Structure formats: structure tokens, C-alpha cells
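Okay, got some structures for you below.
Shared between the two complexes below is subunit A, which pairs with subunit B and subunit C, respectively.
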Partner chain A sequence: MTELLQTLALGLLLGGVYALAASGLTLIFGVMKVINIAHGAFVILAAFITYWVWEAFGIDPLLGIFITTPIVFALGWLTYKVVVSPIRTAPMASTVLLTFGLALVLEGAMGEIWGNNSTAIRPSYVDQSFLVGGVFLPKAQVYGGLIAIVVLGLLWLVLTKSWLGRAIRAAASNPASAELVGIKVAAVAALVFALGIAAAGAAGAITGVLYPFVPGSHYTWIARLLAIVVLGGLGSLNGAVLGAVLFGLAETFTATYWSPAWATAVPYAIVFAVLLVRPQGLMGTRLREDAVAT
Partner chain B sequence: MSHSLSRRGAALAMTGVLAATLAACGSGGDSGGSDSDDPIRIGSSLPLTGEFSQPGKAANEGYEVWVEMVNEAGGLLDREVELIVKDDASNQNTIVADYNALISQDRVDLLLGTFSSLLNLPASAVAEKNQMLYVEPAGGSPELFSRGFEYLFFAQQSTADRQGLLFAEYIAGLPEAERPKTAAYPTLDDPFAMPVVEGMREILEEAGIETVYSETYAIDTKNFDSLVSSMRSADPDMVVHGAQFEDGIGMTRAMLKADFTPDVLFQTNAPSFRQQYEESVGAENTEGVTFGVSHSPEADSPGNQEFVDKYEEMFGTREVPEDAADGYAAGQVLQAAVEAVGSIDDQTALADWLRENEVETILGDLSWNDDGSPTGDFLIGQWQDGVPEIVLPEDVATAEIKLGWQPGGAG
Partner chain C sequence: MSDTTTADAAPQTSPSRGTDPLLWVGRGIAAVAGLLLVAFPLLSDDVYYQNMIILSLVFAVGASGLNIISGFAGYISLGQGAFIGLGGYTIGVMCTKLPDSNPWVWVPLAGLVAAVVALVLGLVSLRSSGPAFVIITVAFLFLVQVIAVNWKSLTNGTNGLTLPLPDWDRDIANLPFYYVLVGILGLQLLMTWQIRRTKLGMGLIAIREDESKAATIGINLPTEKIIAFMASAVFVGMAGAVYGYYLTFIDPRGMFGILLSVQLVLSMLIGGKGTLWGPVLGAFLIEYLSETANNEWGGGNIRLFLFGGLLVAVVIFLPKGILPTIRSLVTRRRASGKAGLVGARIGTGGSLASITDRVHLVDRADIPDRAILEVKGLKRHFGGVKAVDGASFAVPEGSITGLIGPNGSGKTTIFNLIDDTIKAEDGEIWLDGQRIDGLPSWERAHRGLGRTFQTTRLFREMTVLENVVAVQRTFSVRQLGKVAVSGAEARAAEELLEFVGMRAFRDQQAHALSYGQQKLVELAQILMLDPKVILLDEPAGGINPVLIERMGEMIRELNSYGKTFLLVEHNMPFVLGLCDPVHVLARGRTMASGTPEEIQRDPAVIDAYLGDDFVLEERTS
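Coming up: the complex of A and B.
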């Protein structure tokens, strides 16, 4: 029973961090139909910025989120204006290639600035755990999970309860009509891209504390994040959270009850299986053109 | 905020997954000749980016130090040496393209190998097909030497299956009361890490040490908490971990988080990264961690101090990464063969010479079996009081071996 609870707890904590990282990716797709392959690179970039803030100023890396996230938000906005905006209306395949190129550029830049050596952020609590009824809960992961919940909650509130959220949803569902009622779709798109990157930034600060990283670590992240948002339903924030939690649980349960050798493969098998039954993902919806396509 | 997913969108997203696994190809270059006054062009492709970028970069530093020292001493066969290094981005497909390009486009005169068994497996096949000598600085998987290759030589003391041999024999030889009773063997699914663990397991099981956990994990594993949780349930006295760098750090940190500190911890690779290892797991957690290692900056092997001096001059530290030393040693092996044969035209003669002779390197004297595998013993290192010492074999040891991992003990 303890083993089951332990596996469940570790899976949920892992899923929480995945959810935060994936939320920005699905948000950007939801509004702009841009699949941002550079998302994983922004996660790692935020981890490096967090490392720099921690090293240079001695600021706790998780509290450093208040510094890291605005920096990454600004970088996201700049990236959108300079790189993404000119081809926003181009076919989706073009944006996939463009953002893949951007990921490579970011990897190279990180290598130049911070080097290709493995980097680890070690606050005082990094190797400590809470022990609850025989179940260990790594402190850094618990703090990271709580931050993920708060940030995701705020994101959800902004999207569902604010004027900005209504503008974003309007721009996503019908850009032309949104323009007619005075919403500046281009400005909304820039803001959403920056918000999405900022969410990746918050996730990067947390993952930087949890795992060592090199500039090339972004390949592993983007593969996982894309699978998570496809599983949840591209463009659906709730779906991304659900997909992330399922992904985390699949990893930990496979490692514990089958074999660690399959822990990173089984979640992808689940994604394939779900897509066979629900091509739109768990919480995605189908439009008429999808039905026509089948 | 629920939106639609078209089939095209899903297909593109999955294309993205595939695209993310592709790596940039190396660039082509000009063709070169082999006139006697021209520089001797030596080609290699290393993982300068991607998952293996850390050791790849270190190996490149070792090559650069070797080239610098050779040129300062008048070159190779009185010709300047020029190094051409491509970046394979830790990708098995890219490395094949890179070595093909080095041979057919750049027309290099000689080759040096890459880092890791995973990448040397395909790269050495390209060299063999083109009948070019291939001295590799890393790549100790026995699989590499089971293919009947004639041009492949490994410039370290022993293949992976023998790299933990001395420590396993030491443990097996302990009095029964001091010997661990149970052991766990987690290992990365990697052609280098797995044979090290298997080689040690064979000896330890023969000594009556019961295996209570044995699992492999995939290269993209980031989270080790579940694995450690299972391993902790099995309660082994000793853990033998087959790792590269990042996973070695991840596993150790997960063990600390789970308050799982077995009496003995042996780990491949990661603990040999000296300062970086110390910074990653915390100096206070290194005490007693044991590892296999090919080189020590403090060793009094011929030329070692000159190498360390030059490394410090070029890269600003005497903390020489093991992979840099291995890269330098690979250069020394290549140099010895070329100078002894007196020509670079007949690569078969270079390979034949290496099979029949011993080469003096900073790692000690190296010699090879017919299949290119080395015949020596690997060193065993151990962290003691915040310093990585050599503890086995006794004749080159810098400190006496101590039993026990004591995280929190080194301060």
C-alpha cells in the first residue's frame, strides 16, 4: 500500500511540473495555431537564468521565479515580434520548421554563454524530503508542485474571468470577428506568446532545481511536452493539465510496477492509443472541417 | 479554453516530435592533398552539443592540447598537424555522415575517434570500410571489438566489462563479516555502462552477494525517484550504478532525497568529473563514492605533468577532465604509430604496428589484443575528504581504499 501511495505521489508531483511547462505550449497553439518547437529550449533557458540569479545574487531559485519569469516573458514577446509574427499566418509546417530552427539557435546561444557542461542548482533543501506515513515527498518537488498549481490557477483565472481572457478566447475562435469588435488580434497574439513562454519560464526555474541540465536537454523536454498537449487536446489548457498528470503517473507506475527501461516509452504508447480512439485528444473538440476530413 | 484539433494539427505536432530528435548536420569542407609539405589533416567528429556535449567538449580539449604540443615539438613527421572537428550533436546518424564527409570531402589524412560507445559503434564502421586507422578515446563496450575490425583501437586501459574488475575483486575478497550481503544493479541502457555493471555483477554473485535489484533505464530518463523508491524497498547493502554523467547525478540526488544511503556506492563515469560532480551532488555527499577511472592529473606517468601544465595554460585549470586526458592519449597512440612506421600512406601498417607494440601514454603503457581491445587494468578511484583519489591497483594508488559511502561526511 505504501508503495502504491509513493508511486502515486511521485507521479502527481512529476505531472504538476509537466503541466506547467505544457500549459504555455497549448496556449500558444490554441490562439495562434503555432506549434512552438522552441518551447523546450525556453524551459532550459529559464533554468539557466535561474542558475545565474541564484549564483550571482544568492536568491533562492524558486523565489527567483519572480525575476526569471518577467525576463522570459520579455524574451517571449521579443521573439514573437522579431521571429514569429512575420510568418504567423503561414502554413503550420512553416512555423514548425521556424521554431525548430529557433530551438537550435537558443541551444547554441546557451552553449556560448553558459557552456555545455552539466549545470545543477542546489538550494539547501534540494536533497531533503518530507516523510508522511512512510511516503517520502521531495521538498523541491513539493514546492515546485505548489508553484505549478498557483501559476496554473492564475492562468486559468486570467483566461476565464478577465477581459483579457475573453479577448484571447475571441481572438482564438474567430480572429476576424474579434477585430470587428475592437480586439487587436496581433497584440493579443504577442501577449499570448509571451505568456506561454513565461509559463515555460516558471517551469524551467522549477526543473532547474529538480534535474541537472545542459543546453541540449531541450530535446527531451519538447518531445514530452508535445506528446502531453496532443494527449490532452491541442489548445486545451485543461487537457494539457490532464495529459501532464497522466503522463507523470504513467512514467512512475511503469518504473515501479514494470521496468524503468519502459518508463519513458509507455506514456508515448498511451498517447498513440488515445489518438486512435480520440484523434482530437482527451479534451480537444472536433470542428466541422475535421468531420469533413474523415 | 478548449479548442479544436484537426488531424493535420496532430500530424504536425508528431512531426515536431520527430523533428526535435533530428540534429544538425556537420558542414562540408575543402578537399586536401597529402603532399609532404602540407599539414597532416586529422579528422574527428565529437558530440559538442546534445546529451553527450560535456564529455565531447572535454575530448576536444584533449585533442587540442595534443595538437598544440605536437606542433610545438616540430609536428608529426616534420609536418604541421591540423585538426578538423565536426559536431555530431550526440546523434548516431549525424556521426556517420560526419565521418563520411571527413574522408570523402575533407580528405583528411588520419582519423581520431569520438566519445561514447554509442557513437563509436557506427563511426568506427565508417573508418573500417575505408580502411583507415581509428583510435578512439572512449568507447569501451565489448560489442565494439566483437566485429572483427582491423583498424579500431581503444586508447584506454581496458574494455568496459573489466573497468570495475579490481573493485569487484576487492569486495569479493573481503572477510565475510565485512562483505556486503546484497547488491542492486541499476544501469543506463548504454553499450558502455551495461558491460561494466555486468562484469562486476558476475564477480560479486560468485562471491555470494545476492542480487536484489537489477534494472536498466532509457537514456532520456530524467526522474529517478520511482526507480530509487523501488530500489530502496529491496534494501541492498551495495549499489553498482552504470551511468554517464547527468543520470549519475540524477540517481545520486534521488537516493539522497529518499534517504537511501547504502553502505557501498560504485558508479561509472559521473564521479570522475571531479569539480563538476562535486558541485552537482554537493561536496558533503561525495565521501566514499567509488568509481572506475582512466586518468589522474596527479599520476606520475611519463608526460602527464607536461600535459596537465599545457592544459592549464590553454584552459585555465589543472582540474583536467578524464575525457580530455583520454583524448590526449588517443593522440599519443596515433602519433606513436605514425612515427614508428614513418609514413601515413599505409594505414594497414599503422594498425599492424599497434597490434604488435606497446605505447607509452599519460594513462600508462597501452597494448592491444588482435581485435583492438586493450590489455591493461582500469584504475579505481574513490572520493575521500573532498578529493578524488586513486585507490586501486595498489602500486599506483594515491590513498588507501575505505569501505562505505558516507553522505554528509566530507564537509
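Coming up: the complex of A and C.
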């Protein structure tokens, strides 16, 4: 029973971190129909930046989120302006390939700067745990998961309650009309891209504390995040959160009850099974109507 | 349709293809390159280059396979390298489990394994349209690596598998690998070339150009995409097996590396996706670059910068790839100063019966008095907008029925619901006594529904002829294998093009045509379906008066062969002169039905739509 509770709690906390990163990916897709394959690379880049901030200035890595996230936000904005916006109107396949290329370049850059050996961020509390009703919860996991949920909540507030959120939704559903009512669609697009990357960055800062990483870890991340957004239904924020939580639970349960080695594989099997039954994902709508040129 | 007229039609059907000098230059270069490839190991025993060519051959098969699903059908796969790995592991595992077997016998099995895995992945991700596929391929690439690492009893984990060393004479060393790979590449290219000529290939390119339109001309989307994906894996699996045998060592990193897939994608893009030779050219170029980066620039991160940077640069600056860019440069230079065909007069056509013996006049008395198409209570809302809100009407067999109504009254949406371009929320659709709502677009097309679009939707990168032969009247695997660009299919298409007056344009790309010309081609395309009911969305919209008249003539003539029409049109004299009965639509419902005279007199219709001066104007003129 204790083991079950512990697995459940850890799965949910992990799911929160995944949800944060995945929401950035699904936001970028939902608004600009760009599948950002470089998303995982930004997660790992943020982990490295957090590591650098922690090591160079001794700032607590989880508090370091407030430094890391703005830096990654700026990088995301720059990336959009320099490489994504020139092919903004190109078919989706082009942006997939472009961001894939970008991921490789980022991986190479991280390898040059920080090396290809495993990096770990180890603050003082990394080996400590909370003991709640007989359940051991590592402090880093708890702090990380809670921060992820708070940031996710803020993101949700911005997207649903603010003027910016309305502008984003308007620009997503009909760019031409949004332009007519005074929304600068190009600026909104850059902002959304940067915001999505920043969400990945916040998640990256947290995951850097939870697990060791190398530049090549971004492949694991992007495969996982893509599977999550497909599972939830592309472009759906709620779907991404649901998918992420399911994914986190599937990983922790596999690791606890079967074998940690297979923990990364089992969730994909679930995603494949879901898509066999529901090709549009759990909360997605069928996309065929998007193709109607009228 | 008869096959007896091959001989007399042949000279006319190939006005430009055979004589294009560019094509012959290309073929010449390909032939010389092929000869050099075959002769190289006999002329030189440089092992470094032999090794590089062997790897290039593996990647050429991989890129060329990828070209079928990504170049033709337009579905990018980032997991293509995994099929090479699957092939390698097939031969590795089989040789470990059955140590006395001859490794070569497992090469075809590797192809089969790759194809079956593609089938499963296709079932997961290709039944819906859109981006799920590319995402699943990334997950797949990652998943196979995890499996190869962890399923130790089968794969020996990260320690990898060792294959038996070749048992042949050391003097011929790599030659068997070399020539077997040349053979596999030959088969791969033969398949690619054949697919490009058949109904299957036409369907795939149509899917790439406009997927939901492709469905309306009878193309079974999931089946074709899954077949294409299997075709793009089968020879790659075989090449992967030979690759594994050649390396004699197989491990997860070498076989399922991400950069392997990147290399294949990059090869296809840089050479030219959708072309026969582009991926091959690209594979040799990229493998040369990759080796150079490894040996002279330090490898590691440099390869990441190289591949990543090239991918970004190609997408932004060379999106078409080398071969298509050269082709368009040459054709532009040749065409400069000459008037194109596009401005040429549209042919006057002539009656279809004089062109082909496949149509016959029908006796009006023989047409049963019944509705061939009927919609009941059709409904579709977009958010708060009730675009179609319980529309019901019938189209009598053998009639030319009109559907009119103010802008926004739901006419085009009704068309979209009838052919399943948009899903209806509620209501029934009956075609020829069978209920068809719930069927996918292509099955509706197979049962006799043809439809044109308000804004023409031809497949832009396909020629006029290809646009017409892309149509599929029924679905069968045999039909997919039929050659489309020549023979009986092409002849039938040319007759229809002759009828609409566009035969002279058969080898033009559709995007080069004017709007009116596109309308005519789209009509020929729909006629190729041999539909029972033809839905025309504004056939007279945006074209000149002469063409409008010709359009009316053609509709009447086709009607005399028994074709039923339902048309949406704003040109009132055109509709009222042609159609009987006429249905009037307002706010998503049918508000009146009757003969043109009745409609013109109906005060409600005049109030809602025609305006009270409409009839007056008709009388005075």
C-alpha cells in the first residue's frame, strides 16, 4: 500500500514536470502549427544553464528558474525571429525538418560548451526526503513537481484570462481577422514561440535537479513530449496535461513494479495502443476540417 | 473501355516526353554513373573508397525508400534509419539463433520484418491525416533503440551481436556486399519508378498536394499511405541486413542512431524529394561529407553542426533540392522569350459522343422517376453559426437540379457534407437507394458521387493529364498497380480533356493554368470518376461569357447521357435556364423548391434572395 501511494505520488509529480514542458510544445503547435522538434533540446539547454548559474554563482537551482526561464524565453524569441519566421508559411514538413536541424545544432553547441559527459546538479537537499504517513518523498521531486504545477497554473491563467491569451487564441483561429482587429499576429507568434520555449526551460531547470543529463538527452525528451501531445490530442492544452500525467504515472509504475530499464519504453506502447483506437488522441478533435480550403 | 486502339493513339500521346533533351541528358548521366558504379571495384582496389561507396549504397536505398512516403505522399518520417537497424538486427539475431545458417538467406526476411513493422506503425499513425505520423516516427526510432538495449536475451543489449565472418575468398573481399547492394538499389529504384507511373503513385502525389480533395476523387487515403510506408521500408530492411553483415557487428548505437535517420532525410532533401535520382545523388554527397567530417574535421559535435546546419539551410534556401532546382533553371532559360502554352486558346471541344464510344444518349422515358440523391435533415453548426440547419431536398434521377440561396445560406457546406469533406452532425444522405452518410469520401466517390469545388482544387504540382488519371473509380490492389500515365487510362483521360477543350495542355502543371482552365480540368477530372451524380460548385463563377455558354452546353450534353447534376450557382440566368427543379436555401434550410418559373414567382424567394427587381429586369431585357 505504501509502495503504491509512493509510486502514485512520484508519478504525479513527474507528470507535472512533463506537463509543463509538453504544454509549451502543444501551445506552439496549437497557435502556429509548428511541431518544434527542438523543444527537447531547449529543455536540456535550460538544464545546462541552471547548472551554470548554480555552479558559477551558487544560486539554488530551483530558485535559479527565475534566471533560467527568462534567458530561455529570450533565446526562444531570437530563434523564432532568426530561423522560424522566414518559413512561417511553409508546409508543416518544412518546420519539422528545420526545428530538427536546430535541435542537432543545439546538441552540438551544448557538447562544445559543457562537454558530453554526464552532468548532475546536486543542491544540499538532493538526498533528503519528506516522510509523509510512511511514504518517502524526495525533497527535490516534491519541490520540482510543485514548482512545475505553479508555473503551469500561471501559464494557464495567462492563456485564458489575459488580453494576451485572447489575442493568442484569435491569432490561432483566424490570423487575417486577428490582424484586422489590431492584433499584430507576427509579434504574437514570436511571443507564443518564446513562451512555449520558456515553459520547456522551466521544466528543464527542474529536471536538471532531478536527473543527470548529457546533451544527447534531448532525444529522450522530444520523443517523450511528442508522444504526450499526441496522446492528449495535438494542440490541446488540457490534453497535454492529461497525457503528461498518464505518461509520468506509466513510467513510475513500470519502474517500480517491473523494471527501471523498461520504464522509458512502456508509455510508448500505451500511446500506440490509444492511437489505434482513437487516431485523434484522447482530447483531440479530428484535424481533417483544417484541410478544407474554403 | 477497350484496349484495342493502342497503336493509333500512341503517336499523339507523347508530344513532349520522349523528345525532352534534358531528360536524355539526365538519363545519359545516370547511365554513365551506373556503369562507373558497377565497374569501380574492378578498376580500383582502394578499400577506403570501396567502403564509402558501400555505405553510400545503403543510404541511397534508405533515402530512396524514404522518398516514397515523404517525397511522393508528403509524410515526413524521421525514423527511416530504424528500418536499416531492423534489417541489421534481423540478420544478427537469426545468425545468432541459427549459427549454421547462411547469413544471406536472412536478407529477404529482413525486408519482410521492416515491411510488417511499417504496417503496424502505419495502422497507428496513418489512418488520420496530419502530423501524428511524423511524431510517431520519432517515438518509434527511440522505442526500437530502447528495445534493442533492454531485450538482452534477443539482442545481447549494448554489447551487441557479432555476425559470422564472410566465408568466401579474401581476394574478392567486399565485392559480394558491394554488388548485392547495387542490386538492391536497382530494385528500389525500379519500384520507385514503377510507383510513379501507376495509379498508386498518382494517388500518393495527390495526397501530398491536397489530401481531403484526393479523398473526394476516390483515393482510399489510409490504405494508400500504409502501402506507401511499407514500400518505403521493404528494401531498406534488406539493405540494412547487408549492412549489418558487412559490419559483422551490430549494436543499438550503430544501428538505431538518430544521425542515421538525419542522414537519410538530408540525402533525400538535398538531392530532390519526389524525384527518382535525387535521393541517390544526395546519399552519395552526404556520405562523402560525413566521412570527411569524421576523418578531417574531428567528427563528434562537428557532425552535429554539419547535419543540423545543412538541414536548416536546405529547408530555408534549397527547399526543392538540387535536381529539381537544376531542372527549373534550365527550363526557365529555355522558355525565356517564348510564349507559353498557357495563353493558348482553349479548344472548342466537340461532343463527347464524337470523341469516345463510351457514352450513349439515354431515352428520357427509361429514366425511373425517383430521387438519385436525397438529403434529409442535414445539420452542421460551426460554433454558434448554424451553417446547415436541417436541410432536406431531393435530386431526381436524370435532372439538372439547382441549389440557390444568398451568400452564407449553407450551399457549399451542404456540398461538403454530401461528399464528407466536412462531417455532418446529423441527418441522412441517400445515393442511388443506399445510405452513404458515415462512409468516407472515397467510398462515396466509388458509389457514384463526383464533386467540383468553388475555388478549384487541382493538384498543383501534377500535370493536367496526371490530375485526371489520378482519379480512382473503385478500390482494388490490382487497380493501384495499373499504369496511369499511358495506356487505356491515359487515353480515357485524353478523351475527356478533348471534350472540355484542354487536351493541348495535358503536360502543363496545373498551377500554371488560369482559373477558368482549372475549372475545365476539374470537370474532366470528375468525369473520369464516371459518377452518377455530379455536384458542381459555381461552374459559371469567375469565367468569361463564352466559357459560361460552353459550360452550359457541356452540362446539357452530359445530362443527355444520363448524368444527374446538382449545381450551386449565383448566375441566375444560367441557373434558371438550365435547372429544373431548383431548391432555394436560406439560413441552412430549404425554403422553397420548384420549377424555375415557380421560384421566380415565389414572393418569399424574391424577398429573401432575388430582390424585387429581378423578374422585372428579366422581362424588360
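Note that the second predicted complex is superposed on the first by the 282 of 294 C-alpha atoms of A that agree within 3 Å, B and C clash if a C-alpha of one lies under 4 Å from a C-alpha of the other, contacts with A are read in each partner's own complex, and residues count from 1 in each chain.
Methods note: a contact is a pair of C-beta atoms (placed from the backbone, for glycine too) under 8 Å apart; a residue touches a chain by one contact, two chains touch by 3 or more.
Since the structure is predicted, the reported quantities are computational estimates derived from the model, not experimental observations.
Colleague: Give one word, clash or fit, describing how subunit B and subunit C relate on subunit A after superposing.
Modeller: With subunit A as the common anchor, subunit B and subunit C collide in the superposed model.
Colleague: Return first, second, both or neither, reflecting whether A:107 touches subunit B, subunit C, both chains, or no partner chain.
Modeller: Both partners.
Colleague: Who does A:120 touch here: subunit B (first), subunit C (second), both, or neither?
Modeller: In the superposition, A:120 contacts subunit B only.
Colleague: Once chain A of both complexes is superposed, is A:16 in touch with subunit B (first), subunit C (second), both, or neither?
Modeller: A:16 sits against neither subunit B nor subunit C.
Colleague: When the two structures are overlaid on chain A, which partner does A:64 contact: first (subunit B), second (subunit C), both, or neither?
Modeller: It touches nothing on subunit B or subunit C.
Colleague: Scan A:201 for contacts with subunit B and subunit C and give back first, second, both or neither.
Modeller: The answer is neither, since A:201 touches no partner chain.
Colleague: One more residue to check, A:3. First (subunit B), second (subunit C), both or neither?
Modeller: In the superposition, A:3 touches subunit B alone.
Colleague: Going by the contact rule set out at the top, does A:76 touch subunit B (first), subunit C (second), both, or neither?
Modeller: Neither subunit B nor subunit C is touched by A:76.
Colleague: With the two structures laid over each other on chain A, which partner does A:226 touch: subunit B (first), subunit C (second), both, or neither?
Modeller: Touch status of A:226: both partners.
Colleague: Can A:265 be said to touch subunit B (first), subunit C (second), both, or neither?
Modeller: The answer is both, since A:265 touches subunit B and subunit C.
Colleague: Is it subunit B or subunit C that touches the larger share of residues in subunit A?
Modeller: B
Colleague: Determine where on subunit A the residues touched by subunit B overlap those touched by subunit C, and list them.
Modeller: In the superposed arrangement, which is not itself an observed complex, subunit A uses residues 29, 35, 37, 92-93, 96-97, 100, 103-104, 107-108, 111, 116, 219-220, 222-223, 226-227, 229-230, 234, 259, 261-262, 264-265, 275, 279-281, 286-287, 289-290, 293-294 for both subunit B and subunit C.
Colleague: Using the touch rule from the top, collect the residues of subunit B that touch subunit A in their complex.
Modeller: Result: residues 1-10, 12-17, 19-21, 24, 48-51, 53-54, 56-57, 89-90, 186, 189, 215-218, 220-223, 225-227, 229-230, 233, 245-246, 249-250, 253, 256-259, 276, 279-282, 285 of subunit B touch subunit A.
Colleague: Please give the residue numbers of subunit A that touch subunit C in the complex, ascending.
Modeller: 29, 35, 37, 83, 86-87, 90-94, 96-98, 100-109, 111-112, 116, 219-220, 222-223, 226-227, 229-230, 234, 259, 261-262, 264-265, 268, 271-272, 275-276, 279-281, 286-294
Colleague: In the complex formed with subunit A, which residues of subunit C make contact?
Modeller: Within the complex, subunit C touches subunit A at residues 70, 74-76, 78, 123-125, 127-132, 134-136, 138-139, 141-143, 146-147, 149-150, 210-212, 258, 262, 265, 269, 300-305, 307-316, 319, 412, 416, 421-423, 453-455, 457.
Colleague: Quick one: which bits of subunit A touch subunit B in the complex? Just the residue numbers, please.
Modeller: Residue list for subunit A touching subunit B: 3, 6-7, 10-11, 14, 27, 29-30, 33, 35, 37, 40, 92-93, 96-97, 100, 103-104, 107-108, 111, 115-118, 120, 122, 126-129, 131, 136, 138, 141, 159-160, 168-169, 172-173, 210-217, 219-220, 222-223, 226-227, 229-230, 233-239, 251-252, 255-256, 259-265, 275, 279-281, 283-287, 289-290, 293-294.
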